[in-house]
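Worksheet: one structure, shown below.
To keep things simple, chains are lettered A, B and C as they appear, and every chain counts its residues starting from 1.
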Amino acid sequence: MPRVLLIEDDPSVREGVELGLRRRGHEVRAAATGEAGLAALAEFRPDLLLLDLMLPGMNGVQVCRQVREHSQLPIIMLTARGDDFDVVIGLEAGADDYIVKPARPEVIEARIRAVLRRLDDSGPGRPAIEVYGELTIDRAGLTVTKAGRPLTLAPSELKLLLHLAAAPEQVFSRQQLLEHVWEHSFTADARLVDACVARLRGKIEDEVGSPRYVQTLRGFGYRFGPL
Amino acid sequence: MIRARTRRHAAAVAVAAAVPLLGGCGIRGTDVIEAGGPASIQAFVNPDYDMLLFFRSPDGGLNPVVRTTVPSDAVFGTEYLVSGEVEDSGVTEGPVPTEKVVRSLLAGPREKDRAAGLSTSLPAVRAGGTVAVERSSGGRVTARLPLALKGLDSTALRQLTCTIAYSQGGDGKAVVELTGQDGATRSDTCGLDLGNTGNVPTETEPRARPTPSGTTG
Amino acid sequence: MTSGEQRSRVRVFGLRARLLLAFLVVAAISAGTTAALTYREARSALLQTAQDTAVTSFRDRVQQTGFSLPLPREDLEGVLRDIARMGKPHPWVVFAEYGSIRASSGENPVSTVITPELRRAARANPHGSFERVVKDGVPYLTIAMPTVFKAGPDSVLPSGIVLYAVMRMTDEQLNVDALLMAGRDGALPGLAVALIPGLIAARSVLRPVRKLRQAALSMGSGRLDTRIPVRGSDELADLARTFNESTGQLERSVRELREAEERARRFASDVSHELRTPLAGMLAVTEVLDEDADGLDADTARAVRLISAETGKLAVLVEDLMEISRFDARAAELNADEVDVAEAIRKTLQNRHWTDDRVRVELPDGIRARLDPRRFDVVIANLVGNALRHGGAPVTVSLHTEHLGAEAHSPGTAVLITEVADSGPGIQPAVLPHIFDRFYKADAARTRSAGSGLGLAITLENVKLHGGTIRAGNLPGGGAVFTVEIPLHTEEADG
């Protein structure tokens, strides 16, 4: 069972979520502040970070950025408001997914599983290492290098890139991507995709303004290439 | 409704005001308007040797005619110097004798007078008839005439009265008593004169047409 | 129609027209009166002068003339010609009557202008007299002048000669005409000049009125801070001041109302927010309660399950309240994507597990539209859920497109029409107008249903956010039907 680090300032939510997840077999460590959470990170070594955005002192967005600087730890943010502003800020800071409070433990667990799930390796005939221009994608090792330099991609970014690259030049609608990459329902917030694409482009594209690898087809969605 | 009525009122007032103001543009006719006295003309009457005879004008009134007895001095009246016309007494000082004047009147209008439409109402009288004039006190003049007074119309009587009155000099206001051959007498004044005050009337009240004021017994 | 006619009629007799008319009437009356009075006075003075001059000079001329008595016709004519040469102020024709002699300085010995009245007056009275005669439109002055002569020092006798002068008053006519013209020419420009103060007055009255109208229009369009500049201290300034005071009060009232509404809305939003945090903790442990309830004694288990169930409902209610608050605050955004509508509806039903025969679908493939998938999902889910709860199975969801106002070659406005019909008793007519109201309970006896009471209100807001409309009605055969019409915007995707 995955180890979950929960950073949440409200005691009842912290306790409730901790209790709910533990009952489902997760090993949960709860922290009340961002600082405490970051301190526990090295020692607890969680598989996933469940992060409340509204924290006293160091807030969730700052924690998120700090984690992302050197880690590919999957991050799911908890947002009390579900307001558009919070969601966008959190996603841009590097969160892989978000959950709007209040949420039942089964929902939270479903999201955790979705984020942690590895993509199916597509087809047996596919080579382990694919090269697209300067990009080299190792599906087995789950690493991406650009011009020989390894890139640090968040789990959602890596999954998105692998999904798009698996079918070059095929257009995927945002709904399709939400369903396949995030395992969200068809009706989830499509800006999850947009935020993730923006982050991914920042890491793999030479010019974010005119992307080569992840291209936009306005009104339809995204595709990989053509190069 | 009220507004319409007041507007109609205003229009009526405006029209009522405008009609007398704007009406009668231009020059309109008038009635006869009296304006001052008559014109006083120069007739060159010299009481010393001119005599005034009164003849009948076509409208029935009396018109004075000036006849002079002095042929050489007269500016007018050279036509009058017909032989025999100048009376016997010849040139005398003072007013022309009334008897002579009356004889001239009885002789009737001359051609010149008739040309102006003047005539006489007096009957023709024989040349030999005598006229006796006598002045009495009180400005009364008594004249004995060589004709019968009965049967004479008022114009004829006035001719005689006025001629005798003015031949007496003065202002012709003398009361004249006429006595005919038939013994009848008439007494009257001339009444033609306008100069009661001795001046030309300029602002006198309208006068009635001069008519004989009546006859007496 | 009638109000338009009335309006235009009012415009014809508008304030400006009435003011101008009044000014013109006053100016016309005063100018006309002045002109007419002046004209009359001037005319009579003019004629008086001319007449007096003529009579006096005629008398003078006659008096300077010598006459002999009796007067021969030839002499008379000579005398008349002499007098005629000295006509004043205008040339005159001189006539004379003496006895039976009729003579004149002109061609005709007898004048046709001199009236018998004048003749009679001259004969009757030894006075000069005149008469103004208009003959064939030409005014004449006729003067009669009887003559007298001095028979002695104190004696004045009428000579029997009556002289007449006939003078055309053409010049006087011209002068009078000129006067008339001058009056008219003075009055007309006067009227024109009177228009200027009239226009100024009308303007000074109408400008505030127009400003008032503009201000009222501006207020009507929602700009409650509209004020009119108050100028002067007349009645219109009073009006403007009153208007400003009233608008100020109105603005205050409206602001207070808005603030109260804003406070109420924020309060609802804040309450929802505040409820979320404890609910988040409670909802996280409902599972624990449900699982362990079996091990408790019967009463405790019932209580625990009740708490668990109601917590879930409370969570839904708070979520709906939050959603409504976002709509009220206009914070709701449309994140539109091009979607296959039939597929979207199918997935909505699938996610809610409405896949059995309770819900039938008539969904033609290939209809694509730009929709916010999450909001469209809410719309369909709420309508179907509502139909299942309050109507009756089976519920039919059908989809088609229509071209409203379509012509042969122009597509018109394409709309996506989604209908959700149930097989229940239908909606009571009294309920229909309120069906989309918040927390509206169609059945007063039923205190609370499974829904939050906000489902249809949220549905309405979501449809409106798409620029569409929703209406509720009853099918002829019974059963309620909700029809959603959303404009199709597929052109962007085509390009």
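By definition in this document, a residue touches a chain if its C-beta (ideal position, glycine included) is under 8 Å from a C-beta of that chain, and two chains touch if they have at least 3 such contacts.
All values reported here derive from a predicted model rather than from experimental measurement.
Chemist: Indicate, using Cα centroids, the chain positioned nearest the centre of all protein chains shown.
Modeler: That would be C.
Chemist: Using C-alpha centres only, name the chain that sits farthest from chain B.
Modeler: Result for the farthest chain: A.
Chemist: Can you tell me which chain pair comes out on top for contact count?
Modeler: After tallying contacts for each pair, the winner is B-C.
Chemist: Indicate the whole-number Å distance between the mean C-alpha point of chain A and the mean C-alpha point of chain C.
Modeler: Here chain A and chain C have centroids separated by 64 Å.
Chemist: At what distance in angstrom does the C-alpha mean of chain B lie from that of chain A?
Modeler: 152
Chemist: Could you give the separation in Å between the centres of chain B and chain C, each centre being the mean of its C-alpha atoms?
Modeler: 89
Chemist: Where in chain A do residues touch at least two different other chains?
Modeler: Residues of chain A touching two or more partner chains: there are none.
Chemist: Going by the contact rule at the top, pick out the chain C residues touching chain B in the complex.
Modeler: 25, 28-29, 32-33, 36-37, 39-40, 43, 47, 51-52, 55-56, 58-59, 62-63, 65-73, 98-101, 115, 117-118, 121, 123-134, 139, 143-161, 163, 169, 172-173, 176-177, 180
Chemist: Which positions of chain C touch chain A when the two form their complex?
Modeler: It comes out as residues 273, 276-288, 291, 312, 315, 318, 322, 331, 333, 335, 337-339, 344, 347-348, 351, 370, 373-374, 376-377, 492-493.
Chemist: Which of the residues in chain A end up touching chain C in this complex?
Modeler: Interface residues on chain A, with respect to chain C: 10-17, 19-20, 23, 80-84, 101-106, 108, 173-175, 185-191, 218-220.
Chemist: Write out the stretch or stretches of chain B touching chain C in their complex.
Modeler: Listed in rising order, the residues of chain B that touch chain C are 10, 14, 17-18, 21-22, 24-45, 47, 52, 57-59, 61, 63-66, 76-77, 112-113, 115-118, 166, 169-172, 192-195, 197-201, 204, 206-210.
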